[in-house]
Structures are given as structure tokens and as C-alpha cells.
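Going in written order, the chains are labelled A, B, C and D, and every chain counts its residues from 1.
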Amino acid sequence: MCRWAAYIGRPIYLEDVICRPGHSLVRQSHGAQRCHTAVNADGVGLAWYGDRPEPGQYRDVMPAWSDSNLRSLTATLKSHLFLAHVRASTGTATSRNNCHPFVVGKWSFMHNGQFGGYDSYRRHADALIPDDYYQHRKGATDSEALFLMALAEGLETDPAAAMSRATAKFETLARDRGTAPHVRLTAAFSDGQRLYALRYASDDHAPTLYHRWSDTRGGRAVVSEPLESDEEGWQEIPAQSFCVFQGDSLTVTPFNPAALRAAA
Amino acid sequence: MCRWAAYIGRPIYLEDVICRPGHSLVRQSHGAQRCHTAVNADGVGLAWYGDRPEPGQYRDVMPAWSDSNLRSLTATLKSHLFLAHVRASTGTATSRNNCHPFVVGKWSFMHNGQFGGYDSYRRHADALIPDDYYQHRKGATDSEALFLMALAEGLETDPAAAMSRATAKFETLARDRGTAPHVRLTAAFSDGQRLYALRYASDDHAPTLYHRWSDTRGGRAVVSEPLESDEEGWQEIPAQSFCVFQGDSLTVTPFNPAALRAAA
Amino acid sequence: MCRWAAYIGRPIYLEDVICRPGHSLVRQSHGAQRCHTAVNADGVGLAWYGDRPEPGQYRDVMPAWSDSNLRSLTATLKSHLFLAHVRASTGTATSRNNCHPFVVGKWSFMHNGQFGGYDSYRRHADALIPDDYYQHRKGATDSEALFLMALAEGLETDPAAAMSRATAKFETLARDRGTAPHVRLTAAFSDGQRLYALRYASDDHAPTLYHRWSDTRGGRAVVSEPLESDEEGWQEIPAQSFCVFQGDSLTVTPFNPAALRAAA
Amino acid sequence: MCRWAAYIGRPIYLEDVICRPGHSLVRQSHGAQRCHTAVNADGVGLAWYGDRPEPGQYRDVMPAWSDSNLRSLTATLKSHLFLAHVRASTGTATSRNNCHPFVVGKWSFMHNGQFGGYDSYRRHADALIPDDYYQHRKGATDSEALFLMALAEGLETDPAAAMSRATAKFETLARDRGTAPHVRLTAAFSDGQRLYALRYASDDHAPTLYHRWSDTRGGRAVVSEPLESDEEGWQEIPAQSFCVFQGDSLTVTPFNPAALRAAA
């Protein structure tokens, strides 16, 4: 399990989400409250959109709380749309290539969750990634494989359908070759225009996901855990949901990869 | 605060202290129970004695639990005398040079504790280290300064007196220029023949320190926290004590740097 | 291209091969003379055999010349059989998991060379690794894939035949989907009893490979480049050769994966 | 010796100086032509000015050519004023805290050169740094000490005089306790408004220093080595010079710390 935070709105310094709040993402890296792993210190990463279509990307293997580069970057960089992630490995090594967010072209992607027994079907997941996207396979995580599979399934043209098909393929592998829990996931991703997020589980234990619009900031945070413990306005996103954030609007639709599997 | 473990006795694999026990040092790196900081993930280090007078030294900035090198080294290396440390920074950076154990010649040294307001008198502490030892000043920690000062005070000829004088100098600086708590410390160090340890505080809150002889292993572990929670035989070392471990014997004498300060 | 050095014989300190000679492996990391890349600074690694069947493994991303851990480990560790490698990436990231030697069970493996256009057929190479070995796929290098494929082809029972089959499979992929030069490689690997090495190319430009027996040491070094520039006794291993080093003996046989491909 | 590059002018992507030119700073990290050390791979760093008075800072221990974060940051960040540095250690460890540029408040600073026998008078150099600045002493380099001493000497009010006094103090130490060559240095530093650079040696071998105004970019590069080998307009800055760059103007004055020493 990991913790992550994303933002879309008027440009703010990244530290306003990542470092400064009372229960900031950095705080969650050593004291998360709504997941099994309080410590999420197996690497940290950022993707932020600026002048160019491709986001900037920073990833490193140190715990977020001790990373001097992270501290300076978040105090210096302003962005209207960014993703940040602190990692708790479910088995793969602590290396930059296994840290989120992953970036391919203009797309960035980060993930939190669990595919039970992934190691036993990792080769089969990798084999589902077409050649064109396999060149972007740099690490060994389930998360990166899910991202590349979603790109191959058409993330560009229909993000919800692509993520649904990719998740369904993973769930089929998990049910055939893995162990329970088969799929528990939240993810956030972006093309630089919209911010997408989803919350899903094949059982009743989807990881937590919240969002909150701030009039002061003119922007919205989408997070694993609320950034302040006593702040009003944090709303939980229901399980089995797919969210599109654009400007100040939010569209939530059901996310149901199981239906695809049934139809297959 | 940090956590550490040392061993003297018949040669064992380092993992038998560092990785395998139920409350091993690696376990303490993310779940320490007898100090304020449950997470001790700002670096890890080993010093072990073998064929040569100088110990081997391994230090790195990753959390102990995710360091593949640490895992392999401790599963491969056998030693009759070794020190191991997981770090929780009290302010200085996470870098190899700030990780324990420190090594100068045949001496190795590691430390856990606190010098209140150290940053305000760091320059004065550094200035007390003679030229001959200042070349070994690689990082910025209070711990390394204490070690070099103890070497300069004659660690070679009278370890207890040298550590006492070095601690007294620190305590004087701390009382003159720092903040409470002035001194709280445990330390372990070795010349490859004997293992030394001390427990001291200028108030009533000395960090914890335990030891246990194992007949099975033919050796003794000296640790911040017992390596098994339900194991008999762990003995607490009283505060204001200096210990010499050699073979299966243990000599404990009072450690009273304040007396030196009074006499000064 | 990379540089490597291996040793089999009476136990010596690893530094006697890796750090001390005039043209030591560390020296070759910034001043190699017999390959296109004088600088081999994209990581460093060791595997050494001791009391246990599984070798110790140390890998890190720093240049060999500045790695304080490497310096201390090689000055402390003695071994009768070890492998060491300095890396010059041909494209994949500088991460521990992409550093050599790779270790699976009692086997260690390191590689130097080039598979032309590997990125375009990487997925197909990965797909040839059976599930049982794919769990050991941690990085993204061609080298690790070759090792795992050789294990799957029976490295345990017939090392020469297994390496030949694995190389033939790679060469087929390279000729079908890659670019020239298809295969240029040297490799060294061990099960802790024997040291194996091979030199091969699909064209006339196999990477260099030398060995030298030392009566003084009672051991043999097998290296990419001689460890002293003016020392007698360094012998070049011919291209298309497979070598078995055991005790003070050396057996060289032709290495001809192309024959397998023709027969297929 | 190290290599560095700085820029002042219309905002550009950092990669236009650091990565893209034919003899970019990254290229110089493995193939410098105008210094003794062709390889400058002991760490890399950036400081860039944006919206806030304090610059952003990024430093890491990997060679510049293999650092994925550096590549992404320089492709994403635009700045009107930035400093970049690739390091070749003259003895101190490869750690973030020993990497340039150093940053204190709004000031950034980087250095290339040599103080002969520095290790023998390092303690005396440290002792010259007042308490107020010593808290910023994080590493062990001569470079950081020179910067902090210059701050203490009044970098804020009279940069040329402050650098001159700091250099004179170092030169006195070097002549009293060090070895030849006593001082060889170039440095660049900034307060976010102006870019300062100096070139000086106590003998006839000052490190190289060049600058070039680009009408196309509307900015000026100040560098250890010209960024293109066949490009017109690169001008060498004479030894014993202090330069102030502001807008498109350049003021060069003599830099003569020896006069201070004579007067003392």
C-alpha cells in the first residue's frame, strides 16, 4: 500500500499539498492513518505539468521526509496540475524505476493497492503489454504494468474504458493465477488537461479516496487521506467509481471492470 | 534517537542479530518500541571485525528494511564482534557520512541519543577536535564529533576515562550554549578485542540499553531493545554505567562525567 | 560495454584484484583501454563465495572509484571465488537491479557486451523466460534476461550447452528483430565450485577476455583487461570459446550457438 | 577539478545549457577537454531562480549523464538565472551535501578548483566560519567553507570585497599549512538579481572561464568550457578577474586577494 495526493486548479506551490498541511503527504509517509502500512518510505515521486505537454518527473528512493531535493522542488515549483506519491513496497525493490508517478509522453500515472499473488502471474501481465509500450517498461511493479496496459487499451481516446479493460485483464489473471484479495486499487492519472482518479476493489475493501475543493486556492485536492484531520469539506469517493476532474467540475461514473469480464 | 545492536562471542552470521530475531534490528527500524521514534529509517550501518585489525564498514542511506545489500551482507558475513545501527536523524542530512558506525583505524563507534540544541554549539564542538583527528571528520553529526573527541582524549589507553572526558566536554557545551535535555546517550564501540558500551543522561531519561548472554550461541548481544519480546535473560544496564564486554565476561563501572565537570 | 574481473584460487582479499593492481577493475571504471567506453561508471557489483552455498552480493549505483562501501568490503572480504563488475549502460537505467553480478540461488552471473536493437525485442526475450525464473527478473537488462534464460535451459546440468542454447535464442531474436551487431559478449558465472567464462560474437568483434595464473597467489584472474599493463603471463582467450576454471586447471571448448541455430 | 555552467538572460529551459549543446555540461561530465580530469562524475547539482527569492536546489550523487531526474528537471524548468555543476572530487566523499551549488537564503554558490593540502588545514578553515553561518555547514568541502566565509565577510553588501577577503584568508591558511598549488579557483554565485563569477590563481594556472552572449536567446552563458566547440563568440575571462553580469551587461574588475594579504 502507498499514499498519494493530486491537485488540479489555480497554480500553487507543490508544498501546499505535499509538505505544509498538518497531515500532508510527507506526514503520511511516516504516519498514515487509513491504511495497514503507517510507514510509506520506499521512495517518493512527483509529476507536474507546466509549459510543455510532457510533465516534469522527479523520483527517488529516499523516504519523503528526508529528501532534501523533494523539499526544495516542492517549495519552488508551481503547477496547476500535479501528482505526488509515497511508496510502501509490496515486494519489489526500492529503485527509482519502481517509484510512482510513471510518465509516458504527456501521461502521468500513480497507483495504490494490491494485486494478490502478483509475482506468480507477473510474466503473464508483462506479456499483455504490446511492443510499442513495452519499451517504457523500466521497473518490475504491477503499477507500471497496469499503466502501460491502459495506454495500450486506449487511455488517449477513452480513459474510463481503457482503465476498465486493463483492470479487467489484471483481475482475470489474478483470479486465474493469483490469490485473494484479487484487486484493490486507487489510481490517479492525467494527460495535462484533466485529472482522472478511480477507486475499485474486487472485494469490499477498496483503499480510501477523498477530494476537497478549496475556494481560497481555487483548486481541488484528490488524496488517499485528508490533508487536515479537522477540516470540513473532505468527501469520500465511493468504491467502484471513476472520476474526471476538470476545472472546478467533477464527474463520477461507475467503474465496473467485472462487467467486462462477465461479457468476455 | 536511533536503535543499535552489537555482538561479541563465537562467530555468527550477522543476520542472527540484525534480521532474523522477532524484534531484530531491522524490525526496530520500522517498529521500535522503547523510544520516541518508532521509525528509524534515515540510514543503516555495520562494522564487523574479521582477519584484519581494521573492521569492515558498510553504511547506506536507505531504510534497513529495503536495503538488498544489507540483507545479503548479513546473510554472508560471520563475525565474532560486530556493531549495527539504524538511524533516526535529529536534524542532520541522510548521507552515508552521517550514518553509524563510524570507523577510524581499528576503532568503530556508534551512538544513540540527543544533545539538546546541538546546532547552536556545533562549531565549538568541532573546534575541540585536534587536527590529527579532524581529517576523519566527514559528516556533520554530534555522534562523529563525540567519537573523534574521545579518540583525542585517549580512547586507546583508557576507554572509560576518554569517553568520560569527551562526554563532559559535550555536556559543558550543552549546558553553556544548548538546551535541555543536555545529554542523553548510549554508545557502543570496539577496538576489535573488547566491546564497550555506556548508558548515560544528564537527566533521568537515559535511553534504554540491554544485554543477554546466549549459551547456545556462545555469545552476547548488547542492544537498544531486546531482540525477542518474550525471551528470558535480557538484562537492563543501569543508567550512568560503563560496560566492558570481553569473552563471556562483563564489567560494569559507574560512568560519571559530571564529576569531571565539577572537578574542572 | 562494461568491464569485469573474476578470480578462482586460494582465498585472497577482493581488493587484490579490484582495487590494488595498477590497472585494477576500479581503474578500468574510469580508464578502460580495450573497449569503446573508457568510462564504466553506471554502477558496480560483487558476488563472492564463502561458507554458504549462496554467494554474497553487493551492488550499487555509484561509480566504483567513489564507493566507500566497495572500498571497505574489498579490503575486508577474502574469498576463493568471486566476480566483480563495473557497468557502462547501453541504455537501461542506473539502478541496483540493473547492476551485475546477478544472483539466483547459488549461481552468480555477469556479462559484458551488446545485443543490437535489444529494446525492439526485449518483450520477446522476456517472454522466453519461464514463470519459475521470471520471479527473479528484477531489472530491465539484456544481461539478466540471458542469465535467467540460461538457468531455464539447464545451467545446473550442462553449463556450456545451456549458455549455448540461451545465446542462440537471443541471436535468433536479434537477427529477426534487432540490428547489427547482433551478439557480442563475454560472460562469467559460477556455482561456487567452478568458474565459467565465455567469449563470443556473431561478427569478428568479440569483446576482449584474458586470464592469468599466479603462482604467488595460487589463483587465477579472468578479466576484461589485464590487471597490470607490463606483466607477463596474460593470455587472451580466443573468440567463440567456452572456459571452465577449476582449481588450477582450465578447459577451453568451442562455443558455437550458431550451430544450434542452423540445426533448429 | 569540476566543470560548471551558469546563465543569465531571458528565461530558457535549463537543458539548453546543460544537456542540448554539443559540448553541454552533461557532455563535459564524461569528456571535459580543458582540465586534468576528463571525468566529472562525482555528483551533479542545479540552483535556479523563479518566483521566490530563494532558488530551487537539486543535487544528487549520480553522474550527470545517468541521472533521470536531472534530465526531466532541465527539460521542464525555465529560468532567467541558474547555476549548474558537475563534480570531480578532490578527496571528499560523493554525497549530496558535498555537491554544488550550495544555497543559503537567496544566495547560491558553486566552485571549481583546488586548495593544495586542504585536509591539513580544514579545521582552521572551519574555525573561521562564525556561528551564524556554521549551522549551514553540511558537508566537508573547501567549496562550502569558502562560500560560508564569503557570506560572513559581507557577500550581501560588497560581493567582490567579501570574496576577496574570504579568498585571502584561505590563501593565508594554504601558504602557512598547505601545499602548492595554494589557490586555483573559479566560482559563480548569485543573489537572484546578478550573476557573479571570478577566476583566480596564486600561480599561473587559473582554471579556464568563458562567457558568450547570445542574441537569439537574449542571454549569456558563463562556463568552464565553451558549450560548442566550433561556435564563435566565446570569450575567455582573464585570470585574476571578478565579473558582474546583469541584464546584458558585464563588468570586469581585477580580483587581487593577495593585495589584502600584503596589507594585512
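To be clear about the criterion, a residue touches a chain if its C-beta (ideal position, glycine included) is under 8 Å from a C-beta of that chain, and two chains touch if they have at least 3 such contacts.
These numbers were taken from a predicted model, which means no experiment stands behind them.
Interface repeat of A-B: among C-D, A-D or B-D, the matching pair is C-D, sharing over half of the residue-numbered contact pairs. Per-chain Cα centroids separate chain B from chain C by 39 Å. The geometric centre of chain A is 38 Å away from that of chain C, both derived from CA atoms. Counting partners per residue, chain D has 68, 93, 96 as the residues that reach two or more other chains.
Taken pairwise by the contact criterion, the protein chains are fully connected, each one touching every other.
Chain A makes touch with chain B in their complex at residues 30, 39, 41-42, 61-63, 66, 68, 89, 93-94.
Those residues of chain B that touch chain C in the complex are listed here as 48, 50-52, 54-60, 68-69, 72-73, 75-78, 96, 103. Residues 92-93, 95-97, 119-120, 122-123, 126-127, 129, 131, 134-135, 137-140 of chain B touch chain D in their complex.
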